[in-house]
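Each of the next two complexes has chain A plus one more chain, namely chain B in the first and chain C in the second.
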Partner chain A sequence: MKVIFVACGSGVASSETAAYKLKKLLDEKKLKADVKAVNFRSLKSIASQCDILVHIAPNDPTDYGVPTVNGVPFLTGIGLDPVMKEIEELLEE
Partner chain B sequence: MQAVKDVVLFILDLGPAIFVGLIIFLLGLLVRAKPGKAFSAAITLGVAFAGVGLVIGYLIGGIAPAGQALVERTGIELTSLDFGWTAGAAITWAWQYAAFMFPVQIVINLVMLAFNWTNCLNVDLWNVWGKIFMAALVTDMTGNVWAAWLLAGVWIVLELKSADLTEKQVQHYTGIPGISVPHLIMLDNIILTPVAWLVERIPGLDKIKADPQALREKLGIFGENHIVGFLLGLLIALIGGFGLKAALGVAIVGATGLTLMPKVAAMFMEALAPIQEATAEFMKARFPNRTVSIGLDWPVLAGLPSLWTGAILLIPVLLLFAVILPGNAVLPFGSILLIESTIGTVILAKNDVVKTWIYGVVITITRFFTATAFAVSITKLSQVTGVFTAPEGFETYTWLGMSYMNWVMLKIADLLSGRGIVVGLVVIVVMAACTYMWWKEMQKREAALA
Partner chain C sequence: MESSNNQLKLLILPDFVEVGLEATDKESAIHSLAALLFDKKYVKDTYIDAVLTREKSFPTGLRTLDVHVAIPHCDVGHCNKPGIAVGVLSSPVEFTEMATLDQFVDTKIIFLLAITEPEQQVVWLARLVNLFQTPGFLVSLSEAENSETGYQILTEAFRKEVESEN
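Moving on to the complex of A and B:
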């Protein structure tokens, strides 16, 4: 099963909210993935353990070496379809 | 009536893990979650409370002897342990009136939107805890529960206006359209605006070129919880005169405490997520034909490297301030990476790392005094709510990251209760003047980006 990290500043509030929404949408589409909320600060050391990174701060200039998807739509609800499509495609690879 | 009172008292007496869990279960059903999911959320919350209590107990047990040794050996009176924001949030959710803050924030927001007094639809329900924290402390310290709720209302209005006044700036620096950040931390910029006015006039400051991203890549390791917890534990123990073996033991306790704390605290949000989502959907559905800015929690700003680099460069300042600030009682620990001091300031500093750091230093001074002033009440609240037990080795606990706005609200609540008239009036006048300056400056910046 592919691993998706959802990253925010503390790994507590925003990432959990976005992770919940993502899990729900994946369930609806009957897609399976291991979704984890993580802390932004440890990303550099742990990013290699995931297949897809859903990032709450998409303007972060750091290269984490994994496919990165904008996580903000999971919080605002705006522009969700294109990012979900991106994630679906990455899951199918 | 007596029977109702008995039932309520019985439920409150079961402790926060059970009674807040019960509230979460009922709220879950109210937003039409399946009973199984609502039950799971309620138990997750109970686990979060028990988990936070466990980690704090472990952390204090390990750090307290070293902290005491440090105080005895150096004579520096640091009697209050800073346990970071996670423990602050845990105490907050256990306050018996906590749940009422949700409808207060939602109703104020919807009314202000309906009258066009704000453009921000705040879907970040997690940070309701900041207002609960203030209300619980002010109620405890003044006994004036009405003033506490009134001031919570004022605070909510200020947050929404602050979101409006920084909307374009936030969108500009994050590159995310349609959002704003109605976070209490952005209110730091109210009292920092006069400071910024001065700093902008220092000749030569703009010539200092620092690349925050390059610095972050170099220093980033100090921003990781386990590393910074280890080093801090080691430092306190060595200054306390511990041998290397014992000091390494303390260091591991520090690393473990700071690593596990956010992990257990994340379970609070895991439990609240279904309710948060349903409420956000409900609020959005009220204004289908209007372009509002969606108010989000601060991590949307986390991509700005100045924020992290600034906080890492504040670590030595924190240790210095703990020793030299007169009247300070706080030993920084849980908040050692004090991003609370760089989240708002990075916007005021226009993403410049040197200015972020300067404003961070200034606002950090207010945090030491605020955390010292509230320590006794925070400790009392932690015991009353039963989140964790009486301090050992330290006289009090506190949260170093707390905002000066808590102190401002306390002084106004005192005034409303007929005490400290002069102080209260001075606070109001100073805040009004700063707010005016801040408002004008932010309007100017927004207009420049429009």
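Moving on to the complex of A and C:
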């Protein structure tokens, strides 16, 4: 099963909420993935452990070496469809 | 359902909702709302600085379809009890947009969050985010006549959210 990390500044609200929404949406579409909310600060050391990174922390030029999508749409609902499509396509690879 | 209603009553006290919040910038707006949480001992005296500091590096302005919001918060160590203070501003203040450092959002409603256990409270946060995406909710809240009405709109909307899950 593929692993998806959702990262924000502290893993308190934004990443937890986005991860929760992502899990619900994946369930609805009957897609399987291991979704985890993580702290932005630990990304450098753990990014390689995921297959997809959903990113909510500010313009971070670091290339973590994994496909990265924007996580803000999980909180606003705006632009959510394209992001989910991207995640679905990445899961199918 | 009953326990959700009880949780909601403790999460958002009537005193936590302020309609017509006057503030010249996001810092003073956050100060005013944090005072509401602090008065009821929901947060420690370190809370306000922690929120302001975090907001600088990890901004929380959110651009929704109609009325823009912000969800400032900080690490759990500064909070005693979970709660949400809601400020509907008389005039929008600028927040930096989440996941950017240079895009700005004219924020009309601030949801100041006090979180003690992320895994427990994420359910309420997800409900709040669903409300952001519910047509008409933010508009009706932004046009509330006073704090009591704002409180009614909020709690009613949350109750409907909970009901729709069952």
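Please note the rule applied: the second predicted complex is superposed on the first by the 92 of 93 C-alpha atoms of A that agree within 3 Å, B and C clash if a C-alpha of one lies under 4 Å from a C-alpha of the other, contacts with A are read in each partner's own complex, and residues count from 1 in each chain.
Note that a contact is a pair of C-beta atoms (placed from the backbone, for glycine too) under 8 Å apart; a residue touches a chain by one contact, two chains touch by 3 or more.
What you see is a predicted model, and the numbers here were worked out from it, not measured in a lab.
Peer 1: Once the two structures are overlaid on chain A, check if chain B and chain C clash or fit side by side.
Peer 2: clash
Peer 1: Would you check which partner chain A:Y20 touches, where first means chain B only, second means chain C only, and both and neither mean what they say?
Peer 2: both
Peer 1: Quick one: is A:V12 in contact with chain B, with chain C, with both, or with neither? Answer first, second, both or neither.
Peer 2: Both partners, chain B and chain C.
Peer 1: Of the two partner chains, chain B (first) and chain C (second), which one does A:V72 touch, if any: first, second, both, or neither?
Peer 2: So A:V72 meets both chain B and chain C here.
Peer 1: If you stack the two complexes on chain A, which partner ends up touching A:S45: first (chain B), second (chain C), both, or neither?
Peer 2: first
Peer 1: Based on the superposed arrangement, let me know which partner A:A57 touches: chain B (first), chain C (second), both, or neither?
Peer 2: In the superposition, A:A57 contacts both chain B and chain C.
Peer 1: Considering only touches as defined above, state whether A:M84 meets chain B (first), chain C (second), both or neither.
Peer 2: A:M84 sits against neither chain B nor chain C.
Peer 1: Can you tell me which of the listed chain B stretches (62-70, 206-214, 296-304 or 440-448) runs into chain C once everything is aligned on A?
Peer 2: Of the candidate stretches of chain B, chain C runs into 296-304.
Peer 1: Touching chain B in one complex and chain C in the other: list those residues of chain A.
Peer 2: Correct list for chain A: 8-14, 16-17, 19-21, 24, 37, 40, 55-59, 72, 75-78.
Peer 1: Residues of chain B touching chain A in their complex?
Peer 2: Against chain A, the touching part of chain B is residues 86, 123-124, 126-127, 173-176, 178-179, 213, 216-217, 220, 223-225, 262-263, 265-266, 268-270, 273-274, 276-277, 280-281, 284, 294, 296-305, 308, 337, 339.
Peer 1: If you look only at chain A, which of its residues touch chain B in the complex?
Peer 2: 8-17, 19-21, 24, 37, 39-42, 44-45, 55-62, 72, 75-78
Peer 1: Which part of chain A faces chain C closely enough to touch in the complex?
Peer 2: Within the complex, chain A touches chain C at residues 8-14, 16-17, 19-21, 24, 37, 40, 55-59, 70-72, 74-78.
Peer 1: Along chain C, where are the residues that touch chain A in the complex?
Peer 2: It is residues 54, 57-60, 62-65, 71, 73-76, 98-102, 113, 115, 118-119, 122-123, 125-126, 129, 132-133 of chain C that touch chain A.
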